[in-house]
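So, here come the structures, one by one.
Look for chain A in each of the two complexes below; its partner is chain B in the first and chain C in the second.
Entry: the complex of A and B
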């Protein structure tokens, strides 16, 4: 329970840490040098997991259930085993007792706080259509596929549940021991009971909002291979966001020493949270153990990847809001059901997180409460996906904000301005003091961009076949997982003999450009050029320092702090050595453009290369200059932003065309404008799909996934994507070494909501469930009797 | 990795027919945009493929002495959408070709493959239905000519016998002369998608009179289909708003749409009316159906 003090707003104390760069004086931060991996990627030279074939590579394929819920009563693999080219067939019987959690969360102490370990390598207890019963290893993929067709299985079937509210019914069959509620929590904010406050409200608005399970659709499917090395250790090469965590999960799952596992992450083609779980790694490791250490690869097809890895949680939100005569929200409540699918993955974290966002972003002045349930269903396992529950609650809350504003006759943005979290208010949920706040500036920039007042008026009362509207949505988002979880990062820098440096981090480059930005950071602090910093984007748990990985939009922030600390330490060593050679005080010196200079005057004294060479070969006094740090970050700044969108709605076919859309972000300091813009555009595109076209469908009669392919799952193409406008507000976050806050996930939060509200403005019809596809709009227009019956506008 | 037992290239129609005769189980590959997908799905295990993509005779578009239009079945959609003769005589077919899949698919996929797969959603089929296209099917025993409406037998089923090859697609002069035409693909996405409903319209007018209107739909039944009664009702009537609305209502009665998870029957029927009205309006200068309904 949180107390009232968070409601009234406490002035945030200014900065928890003094910012360690001068925002006005830097060379590399704020520039957009060419990505370190640009040439390798565009020429095809970059090596992804699939490119790293090994001599004697075997291929694993998974035998999947064709029922959604039940158990295997008999399994006959003899014909598969007899097929020429098949090396091994393993089933649930070969790996009973190997049970593990899959989420890429930092380990928790005490252990009871860790994610639920409900995953077996293979299973005879079927929990979703496509559950993993056996695996075939063969000399080539076609033989492995043919062998799958030779496996015979019989089942006992149970009723299956696609909807969480069916799965929580009293008589529902338990998908796992312990029942179908995987997690639940309640949280309230404000001194008063919202149900009591509602009685005094001038208006009460209630509604239900829903968003479906959707899929990440990263370009590179899940792929992994494993083999035993010369020292009998298991090497797992995987397209993962969490190499160090994957190593820990396997060590625990197989009860083997950590040192027995080495995880290597090559170049990755995207993850978006779907690779923040172990998915293939434990099974692939197990298969190589069963094949005398020969390399075994599992390369999921797109269809498998879409149906049987992870997904975004589907959510249903029951929302109720009480407003006073001035338009102030005085009380609000939310009950959320999250569709978790068949296995725990991230457990209740996602639903819990979005409940906090509900309470935080538009705080009610007197009382508010949240109740959330994460429920096992017989659908794809839900885990992490870009935004981690916030896109779902944002759709619900931002839709609701427009609906309430409409009900009370107020401009939706005015209504938001009255109620949104203000500068100086503490984060009422995480209990962290907030430093930088650029949300008001985002509001103003967004309204100006779209021409809010003019177009709200212009598009009023349209009657034609094609109608236009504009919509708005805002969001806040954390930067990392502190204080719920550990925030730790490692960085190591070694100075080469010529003053160039080798940077090593445990952070995961998954395409977001972290390699490039870390090099900019090191160059900035060391006073050398971007080109002088080298960082291999491969992560290797044998070589690279510990870092929990790429998720929670943490990498630039948390690992940035580690890179900064390592660079500061290395720089001190360089200056100490230079001081000795120059017979000056170290603190009178600085490094600029790879030269040792007099700090105050800037006078050039000696090249960094000479100092570096000395450190290797100076006869009486040598020692390579290195720094190796592991830093913990204990802040979690909130980043902010808005989306404004203009749409045109075809009132006959229900098709929505986004004419203009712009995201405005406060992500702290923009470290690399080009990468930042790309990050925002990618997130916006993801959100537009979430808003307008994407949904994972299941056959209601069998539980079979219907559209786990890129034809029937309507991921937007480039032809469906409008120009994506991107703007930033200049803000500096003092708790970050380089002034930045989250930007990985935030862009994917609010576009869908803004588009929904623009459709409402255009058509007068508010759609409360995603996606807003033509069929759904047609039905809604028909119901509202606004389906245009006119002939063509001539 | 594909499960293929043999892959043979045919350099000529005769060679293709010979190869097919010797291997009755063989499957034809031209652009490969359907067969490779099915092979990937594990269908036709160990398939023997006969590649006809190199047969130059089958990829020409030309007019014969009787002004009959011949479309070689190996014409790729990219070639079709850019072909001056097609753009001039059958603009609806050029429009249909331009909205198949995406650029890569259009470069590889052929109109013959599109037809022979028998899918109701085939973008090129509706226009060929409107144009009363005839298909020349060649076997070692000779040729037979089948009207396209008779060629389609059911979902994925066509009147193509083992050992036969589609060698020509024919449109008579009476079926293109004086007509304008258009194709509207209604799909959720603007590329790389399958039609929720496809609609081809051809119209011949004279002095504000609709001399002849033809309309055909894809995904409005197990095979592409025309709406002969709606077409007849408009024949010889003046071009006006009432007739557009009447047409939009009449077409729905002749469709065999059904409910599926890809779209409801009610929605498809509604769309059919909207597309009929918009298509006819565009072709007669009454409005712009391209506003938001297609690529």
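Entry: the complex of A and C
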């Protein structure tokens, strides 16, 4: 009797439509419960990769080039090999033919669409200062360090290129076979040729905007160790954003079965895109293979991490805009050069993405075009960094919007309102229908917050040593990578004997709080408390379902859909079992506060714990209740937002003080306000560093990195960072199970641009290259002779 | 060369043989397994390794191990009283000051020093006091919130 009804219950539940989240009524979504990893992190218990220990751990160190471009003509490792305590020395000769791409992109079918595989484990062809020639493995790090000093090398040197436009010159030495242009594309939008439309424009404004290579500076450097387990498989423990992708790249690189690799990601100390590449994993795996499977750790120093992992692409933008008499942009063009550095990493994706953003955000009414080049240079490899090219193009476009508005005598926000992408407009680039649109509301909130009209007037025609100004910038940003790449996520939920659940996801926690939010989601849909959902922040490719990882601000959206689907399926199983036990119809039941209730009246019927216990131990009918799903997401909603900023400029020294700054976001539903604010403030701070102080410097005579440390690289401190205002505009995104859109990266896009425009308002001088540091402003003020002018024309 | 040093760690006296070249960070992490003490740079730039030495927050990576002899040293492992978190630990959680958590133990040490001073600090003064700690996740805002909140309790 029971089993028959139980079966009927399951069948009934399959046809039952369980609705997605009600935007107005929910318990856990929209609250800020204590982070799942909070206790471990404030007590020092949280274990990062360096905190793990294995008996007999060996230590690997990398022998790096001291030239920027050339090749090794001789290498002598004999003295290093002879040093007591050295276990192995490997060079490029030991691993020829092991070539792979490093970007954490989903694999592409057909394979020709994948990133360029230009990385060797070790190399004799030197492409940047610090390139990796050999590796030493020793019993302890000090011995490994000593051994590096005993290696002797000679080089043949080639000219090196720090600037992409030098690297594309006809006589430039090729950094890789095939030339120095790694990728290029053209995109156009609109019916007409922009060059023809320019002829009819009332105004044409042209300018060049530049931003330098900068570094992620996550507080935990890259670190990884690898060993062979008892099944002769290679276990790689790494501080990575992409465990499943790292596994795939290694399997392909070594031509070994995927099953031979297991990747474990412990608690990690930030990534910001720099850990969306395989940087250490293949080499570390190779070293354990060379050392009989003994554990080998590579733990990069801060100096190595800053110079020789990944960076944000430096960009140079040639921009031209034509507007008509009413202030409408009728045509525009952009040519971009991206500084890619020495190895392909994310290939042309970053430059291509920012080109799409250029065409999309302020679309030209008649015609627009973009031409982009990603160029190999002898500098740090550029990869993914929070915002993925959009902070760079945002600086260029938003600066240009102010410059054009100024040239045509229009208020810069008014000019934006006329031209910005409107609600209901289809995304012209990705061709996806845009659902939620909160950008207009963000504009209004921002203008109100900063007191736009009043202060634009108030700060007109200032004189004196300290001058104030306000600036504005807006952005749009995608959520995930569909339709360019695959968007797939996995979630598994198992109900324990007492109704608590174990949630497993392949998505990665890197400090942003994804673990916490996934637990809120599962609790919401299952009708149980947040505390009843358990998910640790370790990702393990042996245990956790497939998910491509943390990038593109995708996880709460794409993985959120998977968590929702798993929770829905599990809930159906619970209700089917409860229906059988209670002799009721499953669709008349619901779970609330971990109790089975009558859906309509809310009448309490039985505890979830009893149903769960039954599932394990009911004599004739037991079966653990689980759900294991892999879901694909085929939408890509845009997040929107603005930054408003007020600055004070010291006209004598060129120092900029940010007096007030606020980001206003449409990120769909705010799932966890405290975590969301934290994301926004962190992103704003990163953008302020990009705008005002950060730059990777190279010696023009040798190509040597000059400031790859936290003293000379000007990362903002607590004293450089102002109070950071955050506002959200209430929007619900219907294509997301829980109503949310991207928020991880968007906050890092527009603050630098708003500050640049505020400096322009204050001083009358527009700075077209980042960072806007005192030296640059001082020189620009001197050149413009602003201090000697009575007033400035704003 | 080895040297025997004695000091108090989180309230317990101990004796340990160290290499005289070791930093206090290495002594604490590698010999005594105090893994809350994080190495972010190894040269005193980031503050992730800060510990309390006789009540003063200092970077352990540039503090010579032998100089710890006779000192009273405290790490994040010693902040809670059993299951009871310290005021600053609690306020860091409640204010949302914890993201990746790598800078958190070092900051907690400085925050604890401020709390134990019994003085009051404005937000601007808190910013100055914690400026030896770099954080890339939070923009410092919620860390300042946390310290401010902890000082008021």
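By our rule, the second predicted complex is superposed on the first by the 767 of 794 C-alpha atoms of A that agree within 3 Å, B and C clash if a C-alpha of one lies under 4 Å from a C-alpha of the other, contacts with A are read in each partner's own complex, and residues count from 1 in each chain.
Everything that follows uses one rule, which is that contacts are C-beta pairs under 8 Å (C-beta built on N, C-alpha and C of every residue); 3 or more make two chains touch, one makes a residue touch a chain.
Nothing here was measured: the structure is a model prediction, and the numbers come from that model.
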Which superposed partner A:697 touches (first chain B, second chain C, both, neither): first
Touched partner set for A:292, first chain B, second chain C, both or neither: neither
Which of chain B and chain C A:648 touches, first, second, both or neither: first
Touched partner set for A:657, first chain B, second chain C, both or neither: first
Most chain A residues touched (candidates chain B, chain C): C
Contacts of A:717 with chain B and chain C, given as first, second, both or neither: both
First (chain B), second (chain C), both or neither touched by A:255: neither
Touched partner set for A:601, first chain B, second chain C, both or neither: neither
Touched partner set for A:74, first chain B, second chain C, both or neither: neither
Shared chain A surface residues [contacts with chain B and with chain C]: 710-711, 717-719
In the complex with chain C, residue positions of chain A that touch it: 32, 34-35, 37-48, 50-51, 216-221, 267-270, 272, 301-302, 510-513, 674-675, 677-678, 681-686, 709-711, 715, 717-719, 721, 723-724
Residue ranges of chain C in contact with chain A within the complex: 34-43, 45-46, 48, 75-77, 79-80, 85, 89, 92-93, 96, 98-105, 108, 123, 126-128, 130-131, 133-144
Interfacial residue positions of chain A with respect to chain B in the complex: 140-142, 145-146, 149, 466, 648, 650, 652-653, 655, 657, 693, 697, 699, 706-707, 710-712, 714, 716-720, 773-775, 778-779, 787, 791-794
Chain B residues touching chain A - in the complex, by the definition given at the top: 1-3, 42, 45, 102, 186, 188-194, 196, 241, 244-245, 261-264, 267, 270-271, 274, 277-278, 281, 286-289, 291-293, 295
